[in-house]
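The two complexes that follow have chain A in common; it is paired with chain B in the first and with chain C in the second.
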Partner chain A sequence: MTLYLQFLIDAILLSGIYALMSLGLSLSLGVTRILNFTHGEAVMLAAYGAFWPFFLFGTDPLLALPVIIVLAFLAGAGLFRFFLQDMIKVPHFNQILLTFGIALVLQNIAVILWHGDLRSATPDYALEAIDLGVAFIPVGRLIGFGLAVVLSGALFVWLRYTFAGRAVRALAEHRDAAALMGIDILKTYRLSFGISTALAAASGVILSMISPISPFLGLSALIKSIEIIVLGGIGSLVGTILGALILGVAETAVAYFVPDGSGWAPGVGFSLLFLILILRPRGVRGQAVEI
Partner chain B sequence: MIKPLLSWFGPLLLAVLLAAIASTGGRATDWVFQVAVIIPLAISWNVMSGAGLLSLGQSAFWGIGYFASAIVSHASHGSFGESLLVSLAAGALTGIALAILTGRLRGVFFAIATLALSEGLRVVATMLPDFTGGAAGIYVNSALMPAQSTLMATAIGFAGVSLLASLILARSPMQLALRAMRDNEHASQMLGINPLFYRTLVAGGCGAMAAVGGCLAGWRGGYVTPEIAFDLNYAILAQIAPILGGIYTVPGPILGAAAVVVLSELTRLLLAQEGYGLLVYGLVLALAIKYMPFGIYGSLLARIRSKAARIDQSHAPAASPDWADDRSAKSDVELDVRGLSAGYGEAEVLRDVSFELKRGEVICLLGPNGAGKTTLTRALMGLLPAGGTVTFQGQSMLDRPTHERVNKGIALVPEGRQVFPNLTVEDNLLLGAYAARARSARLKKLDEIYALFPRLSERRAQQAGLMSGGEQQMLALGRAMMSEPELLILDEPSLGLAPKIIVSVFDAVKKIADTGISIVIVEQNAFAGLSIADRFYVLGRGRIVRSGDRSNIEGILSDPNSLLGISEPDQATEKAGGCVA
Partner chain C sequence: MISAAWLAVSVAGGAARAEEPIKIGAAYELSGHFVSFGAAGKRGVELALEAFHGKVAGKPVEVVFKDNRSDAQTAASTMNELIQDKIKYLVGPASSVSIAASIPAWRQAKPIWVASGATTAIEEQIGQEPNLYHIYPYTYDYQRATAAALKAILPPGAPIAVIYADDNYGRASLKSVQKYVTEAGLKIVAEELIRPGSSDLNPTLTKIRVARPQALINLVQAADLITLTKQIQIARLKVPYLVSGGDVGSPEWQQSVGDAQEGWIGVTPFALGAKRIGDKKRADIFPPQDEWEKRFEKKFGAPPNWNDAAHYTAAAMLLLALDEADGDNPEKVSAALNSMDVQTPMGRGRFEKINKTLHQSFSDPLVFQRQGGHNVVIYPKDAATGPAKPRS
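Coming up: the complex of A and B.
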C-alpha cells in the first residue's frame, strides 16, 4: 500500500514538471506550426543558468528563476525574429532543420564551456522530504510541481482572458482570419516563441534543483516534450497536460515495478509514442491544428 | 545541354578529391573510407526526404548495420559477406516496419518518429547486454576481419551502387510519384498514387542502404557500443551532407559527403576538444539552410541558369505605369484601386483591375468561378502580394501589412467565413475588436452586434465551429463589424447558404449599409449581390470587363438575360451557369 502511495506521489510530481517542460513547445508549435528544436536547449541552458549562481555565490535557484524567465523570453522572441521570421513561408523541412542546427550549436557551446560532467544545483531544503508516515514527499519536487501548477495556470488564464492571449488562440486556429482581425501575425509569433522559451527555462531551473544536469539534457528534454505533445494531441494544451500525466505515470511505473526499470525509463516515452501513433495518431485529446 | 553534363560534375569532383587525398597518404585512406560510407547514408536520407519522409534519426539504420558487423561475426561467427547481408535485411525490415507503423504520419510527425526510433534502439541495445554487449560494448571478431583493402573496395563499390540506385530512381517514372507525395500526400492519393506502398518501398530500400554503410563502418571500427552505433552524429551527417551538397539532387549527397568529411577532419585537426565537431555541423546546417537552401550543386546550377536568363531579360515587360501620380484627390472617394495585379507564384490571376468606390456607396463585383474574386479581396487586404495601387481615404495601402489595413478601417468577411471554430462566439466577436481603433469601445459594439443578430446573443458561449453555415456567416459579419470598419468587403457571403438564409444575410448587410459604411460585395450570385448595390462591376478572367449603375441593375433584375448581353461573348456560357443562380 505504502509503495503504491509513494508511486502515486512520485508519478504526479514528475508529471507536473513534464507538463511545464512541454507546454511551451506545444504552444509555439500550435501557433506557428514550426517545431522548435531549440526548446530542449532552453531547458538545458536555464538549468546551467541556475547552477552557476548557486555554485559560485550560493544563490537560491528560486531567486534566479525570475531573471532566467525574462532572459529566456527575450531569447525566444529573438530566435524567432532573427532566424525564423524571414523563413515562415519556406517548407517545414527547412524550418525544422534550421532550428535543429541552432540546437546543435547551443548544445555544443555548452559541451565546450562546461564539458559533459554531471552537475547539480540542489539547495539543502530541496533534498529534504516531508514524512507523511506512510509515504514521503520530496521537497524539491514538490516545489517544482507547485511552480509548474502556478505557471501553467497563469498561461491558461492569460490565453483565456486577455486580448493578446485570445490573439494567440485565434492565430493557432486560422492564420489569415487572425490577420483580418487586425492581429500582427509576426509580433504574435514572436510573443508565443518568447513565452514558450520562458516556460522551458522555468522547467530547466526546476530540473537543476532536483536532478543532475549535463549539456545533453536538452536533447532528452526535447524528445520527451515531443512525445508528450504527440501523446496529447498536437495543438491542444489540455492534451499536452494529459500527455505529461501519461508519460510521468508510465515512466514512474516502469521504474517502480520493472526489474532494471530505471534503465528502461527513457524507452518508455518511445514505446508510448509508437503505441499512440498506431492506435490513435491524433493523440488522446485529438489533434487541434493541422501541421 | 548543360544540365546532363553537370549531373556528372559530382562524381567527377569526387574522383578528383579521392585522387588528391589518396596521393597524400597517411590518414587519407581514413578520409576516403569515411566519404565512401557516408555516401550511402546521405543518399538514403536524401531519397527519403525526396519522398516527403524527413528523417532525423537515420542513425537508427546506420546503428543496426553497425551492430550487425559485431553481432554476426562474434555470436554466430558469420563472415564479412554474411554480416553485410544481415545488415541489408535488418535495415530493410526496420525501414519497412517504420513505414508501416507510421503509415498515417506526415512531415513533422514522421521526423519525430525517426528520432524516437533511433533513441529507442539505443536504449534497447543498452538494456540487452546478452545480445549486444550492453553499455560495455562488443568487439568485431578479428579472426574474421577482411583485409583493409577488401573493406575499402567494398565500401567504394557500395557507394557506387548507392549512387547508381539513386540515379536510376531519379530517371524513373517513380520519381514523379515520390515528388507528388512530398508536395501533397493527400492530393497524390487522389491521383491514384498509393503512398503507403511507396513509403514502404523507399523506407525499406533506404534503411537497407544506410545499414550496409553502418556495417562497413562497424568492421573498420572493430568495436561497437550503443553510444557509438546509434550516435546522433550520423543522423546529423546524413542530413548535412545532402543539404550542403544539394537536397533532392543526385550529385548532392556525394558532393556533400566529401565536403562534410573534409570539414570534420579539419575541425578535428584545428579544434581537438569535444564538442567542436558537432558545433561546426550545427553551424553549417543552420547557415546552409538559411543562406544556401539549394546547396553547392544548386548554386552551381543557378549560376549557369542566370547566365542563360540574362539573355532573356530584354523581353521583360515594361514597368507598369505609375498610377499613384494620377490619384484622384476627390475627397469623397473611399477606395481607389488602379492597375491592381496579383496572383500565386508565377500564375497571375488579376491583371490590371481598376475600380473606385465613393464614401457610403455599395458596389457589387460580379464574376464566375475563377474570375479572381477571392484573389482580389485577398490582395485588397494584403494577404497576397499585389502590384498597382490601392488608395483608401487618400492613403496608399499596398505596402502595409494586413493588420495595419484593418486598423485603418478596412474589414473583410472572408470567403467561407473562416470563423475560429474552437473559440466561443463571444471570443470570436471580441477578436474582431482586436484592432486598436475598436478595442476601447468593444463592449458597446458587442451589444450593437447582439442587437443586430439576436441569434448570436443566444449562442454567445457556444463553440463557433458547431454553428450552422448561416449562423457562421452572421458571426463572420458581426466579427468584421466589431472592428468599426469604414469600408467593409464581403467575399461571397451567399456561398453555400440556403436561399432563405441568403435573404436574411443580405438584409443585415443592407442595415449595415444604411449606417453609412461603404461596402464592396464580391459575389457570384448576381440577384443577391445586385439587390442592394448602387453600382456594379463584372470581373472576368482577371480584369474588369463591364460596369453599370442603378439603371442597369434594375434592368438586369427584371431580365436576367440582359446580364449575359453586357458581358463579353466568350464569357456568356460561364455566366449563364455561374452568375444567374
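Coming up: the complex of A and C.
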C-alpha cells in the first residue's frame, strides 16, 4: 500500500513539473509554428535568476518568481520582435537554426559568467516533506505542482475568456482568417512568445530548488519538453498536459516496479514516443496544428 | 654578404626557437555531465601555471586546453589531437570515463602523462607504463578506507546498502565495495542501480528503506549526488551513516545541498582546513595548506575542493619536473618525476610502485564526516580529529 501510494504521489508531482516545463513550448509552437530552441535556455536562465539572489542575499526563490516571470515575458516578446519576426515565412529549418544558434550563445554566456559548477538553491522548505505516515509529499515538488496547476489554469482561463486569449486561439487555428478578423498577428505572436518564455521560466525557478543546475540544464529541459508535446499532440495544450501525465507516470512506474528501474526511467520517454508515433502519429490528443 | 645574411637568418631562427613555448596538453570536461570536475581541472592548472609565472627553466609554458565534453568518444578524439600536435606532456582529463577512453589514443606516442583523475583502476591497461604518473587514490583505495572506517564504527554483521551509478565509476566502485565491505565483516543487504541524470530517486530510496541498513554507501558523483542527497533528506531516510566519496568535501556539493550535508561521510586525499605543512624547498609552489587555500580563494573567489587540489598538484609537479629538467627533455622530466619528493596540499607527493601502478602517489585517503558545517576526520585513527556520529 505504501509503495503504491508513494508511487502515485511521485508520479503526479513529476507530471506537474513536466507540464509546467512544456506548456510554454506547446503554446509558442502552436501559435507561431516556430520550434523555439531557446525554450530550454529560458528554463536555465530562470533557474540561475532564482539561485543567485538566494545565494547572495538569501532571497527566497518564490519571492523572486514574479519578477523572473515578468522579465522572462519581456525577454520572450523581445526575442520574437528582434530575431524572429522577420523569419515567420522562411523555411522551418532556418527558423530552427536561428533559435538553436541563439540558444548556444546563451548557454556559452552562462558558462563564461558562471562556469560549469553545479548550483542549487536550498530554502528550508525545499528539503521538507509532508509526512502522511504511510507516504510523504516532498514540499518542493508540491510547490512546483501547485504552480503548474495555477499557471496552467490561468492560461486556460485567459485563452478562453479574454480577447487577447481568443485572438491567440484564432491565430493558432487559422492565421489568414485571424488576420481578416482584424487580429494584429505580430502583436499576438509576441504575446504568445512572451507567455511561453514566462511559463518556462517558472519551471526553471522550481528546478533551481529541487535539482542541481548548470549552464547545460537547458538542453535536457528542451528535449523533455519536445518529447511531451509530440506525445500529447503538437500545438494542443490539453495534449501537452496529458503527455506530461503519461510521461511522468510511465517514468515513475518503471523506476518503482522494474528491477533497476531507476536506471532506465529516462529511456521510457523515447520508448513511449516511438510507440505513440506508431499507434497515433498525431499524438494522444491529436495534433492541433499543422506545422 | 651571403654568409652574413645566412648568419642573420640563422640567429633570428635560433632566437625564435628559443622562445618557442613548452606545450602541455590539458583535455578536460569543460562541458557536459562532468563539467564540475573539468572546471576544477582547469582552475588547478591555471593556478599552478601562475605559481610558476608562466615559465619553467626560463622558457614560456603554453597549456593547450581542450574540451572533451564529458563524452568518451570526444575524449578519445581530443587525446588524438594532442598526440597529432606532438605534445609531449599531458595533464587531465578529470573523470574516469574520459581517462579510460583516452588510453588507446595515448598509446600512439605515450607522452608523459600526469593523470590526476581516474579513481577507477586503469592499472590493468596502463599501470605499468613508465610514462604514466597517477596522482589520485584509486576507487579501491577509497572503498578500502571507507570499509575500514565503517568497521571501526559498526558492529560485525551490520547491514549495509549500496546505491551505484550506471557508469564507469559506479560499476567499478561496486566491485571494490563488495570486496572490502565483506572483508570488514559487514553484510551488504541491498544494491540499487541509478542512471546518471535521473531526476527522481524516490523509488530507489523506498527500496533502501525496506532493507533497513545501518549505512548507505552512495557510489554516485557530481549532479547525481546532489540530487540523491536532497531526496534522501526529503524522504527522511533513517539510515545512521550516509557515505560517499570526495564530493562530500567539495564546497560545491555542500552549498548545493545545504543542511542536508550534516552527517555525511566522505573520503578524500584533500580535506579543506586540514593542517598540511608546505614544502620547505619549494614553498612558492607548495606553501602550507592554509596559505594555498587563500591563494586559490583570492584567484577564484571560492574555497578549493579536492579536485582543485588534485589538478593543481598534478600540474605543479609536472611543471616542477620540467623546471628541474631544465626544459623540454622528456627523459630528464621523467627522471625528475621519478625522484620527486614534495609536500603538497594532498600530502606527500612521491611516486612509487603500488600494486600494479608503476608510478602512484597519494593512495591513502582520509575518511571524514560533515559535522556542524566542518570536516571532522574520523579515520585513520592517527589522523582523526573527532568521533563519527550517527545521523539523528
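Note that in this section the second predicted complex is superposed on the first by the 288 of 291 C-alpha atoms of A that agree within 3 Å, B and C clash if a C-alpha of one lies under 4 Å from a C-alpha of the other, contacts with A are read in each partner's own complex, and residues count from 1 in each chain.
We take it that a residue touches a chain if its C-beta (ideal position, glycine included) is under 8 Å from a C-beta of that chain, and two chains touch if they have at least 3 such contacts.
Being a predicted model, the structure only gives us computed values, none of them experimental.
Chain A is touched at more residues by one of its partners, and among chain B and chain C that partner is B. By the touch criterion defined above, A:96 lies against chain B but remains apart from chain C after alignment on the C-alpha atoms of chain A.
In the superposition on chain A, A:115 makes contact with both chain B and chain C.
Once the two complexes are laid over each other on the shared chain, residue contacts for A:5 go to neither chain B nor chain C. Of the two partner chains placed around the shared chain by superposition, chain B is the only one that A:104 touches, whereas chain C remains out of contact. By the touch criterion defined above, A:63 lies against neither chain B nor chain C after alignment on the C-alpha atoms of chain A. In the superposition on chain A, A:149 makes contact with neither chain B nor chain C.
In the superposed model, A:132 makes contact with neither chain B nor chain C. By the document's definition of touching, of the two partners only chain C reaches A:261; chain B does not. Once the two complexes are laid over each other on the shared chain, residue contacts for A:273 go to chain B alone; chain C is not touched. Taken together, the two complexes place residues 111, 115-116, 215, 260, 263-264, 266 of chain A in contact with chain B and also with chain C.
Residues of chain C touching chain A in their complex: 30-32, 35-36, 38-39, 166, 192-195, 197-204, 206, 222-223, 226-227, 230-231, 233-236, 252-253, 255-260. Residue ranges on chain B touching chain A, taken from their complex, read 49, 54, 56, 101-102, 104-109, 111-113, 115-117, 119-120, 123-124, 126-127, 232, 236, 239, 243, 273-279, 281-287, 289-290, 293, 378, 381-383, 401-403, 406-407, 411-412, 414, 418-423, 427, 430-432, 434-436, 438-439, 479-480, 483. Contact residues on chain A toward chain C in their complex (touch as defined above): 2-3, 6-7, 10, 14, 55, 111, 115-120, 122, 124, 126-129, 131, 136, 138-140, 210-212, 214-216, 220, 251-252, 255-256, 260-266.
Only residues 35, 83, 87, 90, 92-94, 96-98, 100-112, 115-116, 163, 166-167, 169-170, 173-174, 176-185, 215, 219, 223, 226-227, 230, 260, 263-264, 266-267, 269-271, 273-274, 277-278, 281, 288, 291 of chain A touch chain B when the two sit together in their complex.
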